[in-house]
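One chain, chain A, appears in both complexes that follow, with chain B as partner in the first and chain C in the second.
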Partner chain A sequence: MTAASAGPAPIVPVRAPRVPFAAAGRLLRLELRRNAMPWMVPLVAVLFWLITYRLSMAHPPLWNVRAMTMQTTASTVFVPIVVGTAAWLGSRERRSAITDLLAVTARPPWARKLATWVATTCWAVAAYLGCVAVLYVVTARQGAWGAPLWWPVAVGAASLPAFSALGFAAGALRPGRFTAPLVAVAAFLALELTAQFIHGDHSYWQVSPLVAGPWELAGDQGVATFYRYLPDLPIVQLMFAAGLTAALLGVLGLPASAGGRWLRRSAATITAAGLVAAGAAIWLAGTGRLDTHGMIAIPVLHNAADDRPIPYTPVCSATPIPVCLHPAYGSYLPAAAAALEPVLAELAGLPGAPVRISQAAATYRQEPGNDVYIGRDGPAMTETPPVYHLLLPVQYAGSTTTGAFAAEVRRQGGDIVNLVIGGGRSATGAQQAVAGALLKPSALPPGTPVAAAAQRFAALPPAARHTWLMEHVVALRAGRITLAELP
Partner chain B sequence: MNVAITDVTRRFGRTLAVADVTLEAGPGVFGLLGPNGAGKTSLLRMLATVIPPSSGRIRLLGRDPGSYGQRRQIRRRLGYVPQNLGYYPGFTVVEFIEYFALLKEMPSAGVHRAVAAAVERVGLGEKATAKLRTLSGGMLRRVAIAQAIVNEPDLLLLDEPTAGLDPEQRIAFRALLRDLGQDATVIVSTHLVEDVGAACTEVALMDRGKLVFHGSPADLTARGEGTTAAGDAPLERGYSAVLAQTRS
Partner chain C sequence: MTTGAARELPAGPVPAGGVRTGLRLARLHLVSRRVPAALAAMAACAVALRIALHWQWDAYGALQLPLVFETGCAAAIAVATASPFGEPERATVRWLPLLRLGTALALTAVAVGVLTAAGIGAHLAGGQVDALRNIAGLTGIGLLCAAVLGGALAWTAPTAYLVIAVYALYTQWHGPALTTPWLWPARPPHDTGAALCAGLVFVLGMAAIAVRGARDTAGE
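Up next is the complex of A and B:
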């Protein structure tokens, strides 16, 4: 059946909008104003305080420790919430039964969805940067030495668009009321599981934003203080995040309904480029190696200039032999000086005794599996002038109690004594007795000639002991003093 | 012709929703009547470029909606109110209409004025800043109409637009339809025969996917005269008579 109406309608010329970016800006402003992410900000802030802030603040104010702890834990806090919220917004059109209304609009669906995603991501990144700013400001006010580390912040911030795109794509492609919680939980589990797969320094899984350095060492106090923070792994992680973001957003533009041929071709190109970038990043992460300064170096990206030590002016104690620490560890100086002072008072001025106790950088070596060897960078004692290189317990034992810290420093005090008087495993009886007297006479087996000599020597007035040592320490070190010759 | 469709058929699996419909429409208000399942909504969704026809040819505003570029041009000049109205509850009335104005690629500079005009036209000025979740069903229907007319469309497609409107609003809406029909082609799918009688210059009746009547409301009324067809009003009796004839 055919029917015709009264008169022909004039076709109004259709014009394309002249200022597309102005319209896009207004669209984005609307999406920002009515986005669901701001409602999640209080929850994120509370979780950040509970998990990230409190854990970071439990560490001393060292930029490396705070920043690396922040990177790992903040991802755990933000990812499930960002993924879930993005999935909720990605499925918004279908849940709101508004698809028919939107289907007849001229703007390509891909552009419309991107506006929603951009708004969601902006809120997420703003919340993240706000939380990080609080943590960094407090750390700076606590007098942390040096400059803040920005690479961990960049990795965390760059991972949010990727996870936001992941959630959004899941919500848009599989809309449903359960999509958001399901993908949030799945993303959280996937993120946490990736860390379990890290095996050594060549692991592809290091590309995960959770990883702020060698997985076994994450947040280690010895890393990135004496030497620069290596940007190799963060660069790879940024590359992965950018690639994943591009690929996921590109996927949104692939369906026939997403837009015209040109737009879909662009989406396919972006998807392919994103996949290539993400794949290359994974491959690069697999080429990583633990460098001697405790960071993951990627050979292709590594800049030798980053291996140079960072110049610093040490902070020193007023002990008979100054104990000098890196200023980043300045808060440990009183405890270290107090633990060493009794020994240093005995040794000060002796021939061969160190003129300074200077903190050494730690050196790292990958062992089989996830084990990492941490040792002193260089010999314990260097000559002309003699300087003993102290490794603080926190540099190789992570967090430690005050008592354990003092005991471990005192143990190194024993090393200093042994180096000066020639003690050690093959020590003579006289050397053992003097070492015992200077350190802890009660530690020697009671009733032995060595213990008796040690108690006798320890009972001397400090001035008499020091005078005797001044005269005989060279001979004692050479093993030419017998037990009987000890005063 | 703003609307020219030829032998259009639409199937959903084995179900034939629209069968070989041919129709042309220029400016004016065009009523589309029919019982439930007649194919009105499917026809309207094809005209709105939501779904393509299974076969046949459609030209809207002189353009081919099968071509992506031309479809976008049509959509810039199209207004549509679907039967099942969806909305974003957190948006205000103004924001929702502005959102659609931007999606229809209206020039950015004119959006603010166009949104304000559309809000006033549907009588929602006092509720302009109210969240959609706080509005009644009738008010939401008016919001949907406002988003449809915000771009001053040349082709306006309305599926059950008066559902939920109170009598006063329905009268105002009919006046709005007549006003819009001065320049644009307005196609209204409805169950309410009195809406057609009051506002439409042309009416078509669909049954089982086919177009079984096309003419003026007066023609439809005439089809019921002298018959025993059911109905409280002359137009209703015409409607019933045409359906009875078709099915006999």
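Up next is the complex of A and C:
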């Protein structure tokens, strides 16, 4: 340094930045560029493909099933990686031994840390949305009926800032090389534990982002198709995520080194508000109940307008009696129609026979523990005009094989026959024989008079059988036909 | 150092193969790798597992639980490979491969020991054989990751594997089941293929960490 340059430097007034947030934006840009999360994006993308995408694609293209499956599994995929990376970045200053160096910068430490957290969260959310976009685009291209469900996406996206804040706070408050792995594993464990503790529809643990509806109905095809996807639980989960995020970020601003008094008071206020919001969300989750449409309704948040059924135009088969399904289940129509067609051909046009087989919505009732009763919403047969309401096997929760699907639909075909000819538990011999003849293969014990009459009736030409039924079905249903009177 | 202390030093050169020197070298190596902290982390995992085993778990949860803590231990072992010295240490310490190998092996043995001990008197799903296989395989993954990404980020691979393994366990109840032996936590404890895969990954990880050590990353 020369003597000339050692003289007093001219005082240059520091200009205030023209744009108030320009410095913050520049800091954020730097953090986005220097962040570790982009390096984790390929890893989470692979995990998403392996777990979420493949599992979703194994289900039929139904928005409800795929979106709810996505919410549960994507949380599992993203949480440990995001938490670990955020913890690693949270301990960056101490790890790189630049704490003292940064202490003299103009920005308060809290603001500096928030910039790192925001950048980490932005990358995580961007990766999440990218993965979800691929899944949703593929689902839309497969012809899924209706509109995409956005609430599960929102819950997943909102949980990422919370988990990022959790990891970041752990890394910042307890910097060390073991913080990131331990916090990542602990967060994963905590997330999985929530699923273990859910018992019934009043569980507080439903606040977990893993939960996309009644826990034991996860992936059920019957929910959120005939009726709307209720936003009650997602709203509570968003509230919890926002509260947790605020509380954790506020904690970062509490230490004396985080900034000035005003800043620390603000941090304390944010922490308190966050804790209140998270606590309220947990309480609200505990007030949930399984509604008859299979979703968790929360009375305080519930909007009665969401209970209205979604209008739709059914897709129908060209069978003698049309089988009409909800368009979301259109892919099941050929199998359902094929299973019912032999029975429908016999019954078409008979007095009292249904003019249409229409798919019914399922109704749900919470049983002790995590058991859920699933049944038909309304009676099996309605009059004027007679319509039989069919419940597809896939609406009973869980997937089913092709053979089991056909067997269950055929069983309901037997119910239709019994309703038309008056069968059932107290059926007369003639009614049993006619039902046995129409439902092939017959379950009647061989060698009995009823079985012999059934064989005789089944051996008639279809036209003759149909003509006889046209003339006698009313009397048969009333129990006035004896076994001997059968042709 | 005081003058008095200086007087106590041996006058001649310290014998390179001396037991005391070797022990001091090993102690310094362990301290530089934060092995005490790694042991504390593993002890914490064991205590947490012990507490968790007091609850009643369904079959899926019972298998999942030890796996999470085994991953925690494996991640701690992998992270403990990070060296704060980098190239100078590589250039000067002759016994470094042996020290690295010994440290990793000892930590793995401790991890198996503490988690097995945590399961004594409780129902540890899969038993000791399962714990041994899973910890060995997960440690191998962590050590390989340390050799590629560096010690600081070595936890990512065991954690990612944990997510996949938990999913593989899930598929045992909600098919189609993933049955590849490379997902050994989802295989029965006495499955030979799974044990071979875990063992192979463990040996590869040990070899990589002994020969190459954890990758030095800038700024770490």
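We take it that the second predicted complex is superposed on the first by the 464 of 487 C-alpha atoms of A that agree within 3 Å, B and C clash if a C-alpha of one lies under 4 Å from a C-alpha of the other, contacts with A are read in each partner's own complex, and residues count from 1 in each chain.
In this text, a residue touches a chain if its C-beta (ideal position, glycine included) is under 8 Å from a C-beta of that chain, and two chains touch if they have at least 3 such contacts.
It should be emphasised that the depicted structure is a prediction, and the values quoted were computed from it without experimental measurement.
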With the two complexes superposed on chain A, say which partner A:W117 touches: chain B (first), chain C (second), both, or neither.
-> neither
Which of chain B and chain C A:Q196 touches, first, second, both or neither | second
Should A:R177 be classified as contacting the first partner (chain B), the second (chain C), both, or neither?
-> second
Using the superposition on chain A described above, determine whether A:R261 touches chain B (first), chain C (second), both, or neither.
-> first
Hey, is it chain B or chain C that touches more of chain A?
-> B
Report for A:M40: first if it touches chain B alone, second if chain C alone, otherwise both or neither.
-> second
Who does A:T105 touch here: chain B (first), chain C (second), both, or neither?
-> first
Applying the touch criterion given at the start, work out whether A:A22 contacts chain B, chain C, both or neither, answering first, second, both or neither.
-> first
Which partner does A:V185 contact after superposing on A: first (chain B), second (chain C), both, neither?
-> second
After lining up the shared chain so the two structures overlap, which partner does A:I81 touch, if you call chain B first and chain C second: first, second, both or neither?
-> second
Where on chain A do the contacts from chain B and from chain C line up?
-> 36, 96
Within their complex, chain A touches chain B through residues 1-9, 11-12, 14-19, 22-23, 26-27, 30, 33-34, 36, 92, 96-107, 112, 259-261
So in the complex, which bits of chain C are touching chain A?
-> 34, 37-38, 41, 44, 57-58, 61, 64, 68-69, 71-72, 75-76, 78-80, 82, 151-153, 155-156, 158-160, 162-164, 166-167, 176, 219-220
In their shared complex, chain A is touched by residues of chain B numbered 1-2, 21-28, 30, 45, 48-50, 61-62, 68-69, 72-73, 75-78, 80, 82, 84-91, 95, 98-100, 102-109, 111, 144, 147, 154, 183-185, 201-202, 204, 210-212, 214-215
In the complex of these two chains, what residues of chain A are touching chain C?
-> 36, 40, 43, 47, 50-51, 58, 73, 76-77, 80-81, 84, 88, 95-96, 176-178, 180-182, 184-186, 188-189, 192, 196
